[in-house]
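Worksheet: one structure, shown below.
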Amino acid sequence: MTYARRAWIVLWKDAVTERRAKATLNALLFFSLLLLFVFQFTLGGDRERLVAALPGLLWLSFVLTGLVGLGRAFLVERENDCWDGLLMTAGDKSAIYLGKVAGNVILMLLVEIILLVLFAVFFNVDIGQALPPLALILPLGTVGFAAVGTLFAAMTAHVRAREILFPVLLLPVQIPVLLGAVKATEAALAGEGLGGVTHWLQLLGAADVVYVVAGLLTFDALLEG
Amino acid sequence: MTADHWGFVLSAYGIAAIVLGAYWRHLCRRDRELTERRSHAAPKAAHPRTNPVSPVQP
Amino acid sequence: MTADVDLSGSLDCLLSARGLRKAYGRHLVLDGIDLDVRRGEGVAVLGANGAGKTTLLRVVATLVHPTGGRVFVGGADATRDPESARRQLGFLGHGSWLYEDLTALENLRFWATLGGHTAEASVLRGALGAVDLDRWSEERVRTFSAGMRRRLALARLVLARPRVLLLDEPFTGLDQQGAKWLEEHLEGFKSEGGALVMSTHSFGRGFGVADRAVILVDGRLAADVAVAPLGVEGVRRLYDLAVEDGA
Amino acid sequence: MHRALGWLAAVGLAGGLVMAFGVAPREITQGNVQRIMYLHVPTVLVAYLAFAVVLVASIAYLWHRSPAADRLAHASAEVGVLFTGLTIVAGAIWGKPTWGTWWTWDARLTSVAILFVMYLGYLLLRGMIEDRERAARYSAVLGIVAALDIPLVHFSVYWWRTLHQPPSLLKPGPATMSPEILAALLVNIVAFALLYVYFVVKRATILRREEDLPA
């Protein structure tokens, strides 16, 4: 039982710190609005083209905000010099990893829902019927993204050029999740339902399991600083 | 008769040969550098030194 | 170089290091350290800055992998099984390990739960009372002074009830009242049978806690003496001698 | 020991060339450009072998923390990236006459390109960390995650390129594999594998000697 409590307390700590400092959430919301304008200006006002590219744009903005959010996963540990404290606590360190991943997934899902609403409003796309399938696709994609993202955030926390290294390491590994998520979202937004994309969903599911298990097994080695 | 494109075939093998050869030369040069540096260090270590520098054997 | 370990004679020996070595790249920081600390004993680790005091504490605390040699905490081999060692160890480093945006009580609750200890409010408030921070239990640590942070960090340690306490220059930066208070708590910890290792480079406040002093020069223990017979002045002279011929 | 391995690899490669240009027949459908396959297929197979070795060595390092495993992972990753690069170059040169463009998002080429970027990142990470013990530990974790990612990359890229059922993973070149073609292919695969072993052994020894260099 203590494993779940220990994972929960890490999540609780990050949630309380985030609610008070509001650093990451505000940064991500502002960043999402910015993305919206950038897409609008760069891809031109032609609504048809934007709507056609919507699945790609959505997941591109999820990835970009994810990169900003996940890059800060261990920032609170570094700033408060608590890294050694985490290492010194007795017991399985993977509980810490699980708590961090859960925290990141919730944070990213929050931003993704807001982004989805913004996109729907600004590009006036009716996503009503796509919501149920998206409710499955978004978490599937986000868990895969956060599982590796949290691991690589811990890995690059102490490295000099982590701003470059983190995206460079994370993006290539995330290509399968990105492909699966965009393809599934395409089907959902086109209203075809998830019948035709079950193999993509299986891939996302498999990726989530593989990444989370790999993270749980290797997180100890990263925590040793 | 489909064209043979020998040019492409030879350039593919040529580039492969150049790249592999360059990597091989790089490894050999690095090897030689290390043997030279070891031979420099060796005579110095022959006579006793003040603070013993024990080579690190992990 | 590692002598085979006979643990029979030193059952009351809570902490022992055997042939401890640590190298960063080619720079050898610790070059074969043997140290035993018995139950109820306080050992001060003296040495110039950069002599390896902090590294020694961090290796013993299982925060850093030793390049060679072994550390035993309460009989458990810390290098092979760090988890069992960590259950008995408390470490107070330069960093205070406190989350600024959490309150004092929340910090204790986080560390207690993560360490698998009981985290009821009453127990936590008790620990805060012991370091007389109970008036600030709901205050955020961001507003705390250095002395208050040191006391909160110690409250966190006391909660885990370690058998061995490792402190990296605990008295620096403490005001008069804070230092006296810390000295009393460490004496109490020793009288209850805890083993204590404290690094310091000054002989002032708090040196009284040390029953033994070891002097670290160039990664080796140049001296390991009892404090009482020599007195603080004796140890200081010995220290000045050791540091000179080492340089 | 190196010398013998080196000569063995050289003989193997010479044999491979003879087979590729002498013994193997001129392929009916594609013409002689098909001979690039005797270079393209072996390098991609050896690249996968290299990354499999990185996976095993990384797991071994995390288990025993033995520096030898770390050096093997480092050497094998470096040679693996080299071979992946060659595969991409050979694939592109083969693509130009066959499809008219240097680069096509062909499923096989794309997944090899993704591997190239991933393991280039692995070498970048090693370069960024000074402390050798920490670099070994972090690279081991990345070596494992990257290797676990390879099957996912394969499936996702194949489904992404071919709309429906995923074709067989490694369908090299010509439909009919006459015995001579198969023989030429096998000899080249063995030759490149020998070259890989020779390079890894040589590179790992250099890494060990760099570690033992006195201050």
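We call the chains A, B, C and D, going by the order they appear; numbering starts again at 1 in every chain.
Criterion: a residue touches a chain if its C-beta (ideal position, glycine included) is under 8 Å from a C-beta of that chain, and two chains touch if they have at least 3 such contacts.
Owing to the predicted nature of the structure, the values given are computational and were not obtained by experimental measurement.
State which chain is most central when centres are taken as means of Cα atoms.
A
Find the chain most remote from chain B, comparing centres computed as mean CA coordinates.
C
Averaged over CA atoms, how far is the centre of chain A from the centre of chain C? Could you give it in whole Å?
It comes to 40 Å between the two C-alpha centres.
So, what's the distance in Å between the C-alpha centres of chain B and chain A?
42
What is the distance, in whole Å, between the centres of chain A and chain D, each centre taken as the mean of its C-alpha atoms?
Spacing between the chain centres: roughly 31 Å.
Can you work out the whole-Å distance between the CA centroids of chain B and chain C?
47
Find every residue in chain A that makes contact with two or more other chains and list them.
Answer for chain A, listing residues that touch two or more other chains: 224-225.
Of all the residues in chain D, which ones touch at least 2 other chains?
Answer for chain D, listing residues that touch two or more other chains: 213-215.
Among the residues of chain C, which are close enough to touch at least two other chains?
26, 65
If we count contacts the way the header does, which residues on chain C are in touch with chain D in the complex?
24-27, 65
In their shared complex, at which residues does chain D touch chain A?
62, 114, 117-118, 121, 124-125, 128-129, 134, 137-138, 140-142, 144-146, 148-149, 152-153, 155-157, 159-160
Hey, which residues of chain D end up touching chain B in the complex?
Against chain B, the touching part of chain D is residues 17, 26, 29-33, 35-36, 39-40, 43, 67, 82, 85-86, 89-90, 93-94, 96-97, 195, 199, 202-203, 205-206, 209-215.
What residues on chain D touch chain C, complex-wise?
These residues of chain D touch chain C: 65, 130-133, 213-215.
Considering the complex alone, what residue numbers of chain B touch chain D?
That would be residues 1-6, 8-9, 11-13, 15-16, 19-20, 23-24, 27, 30-31, 34, 37-38, 41, 45, 53, 55-56, 58 of chain B.
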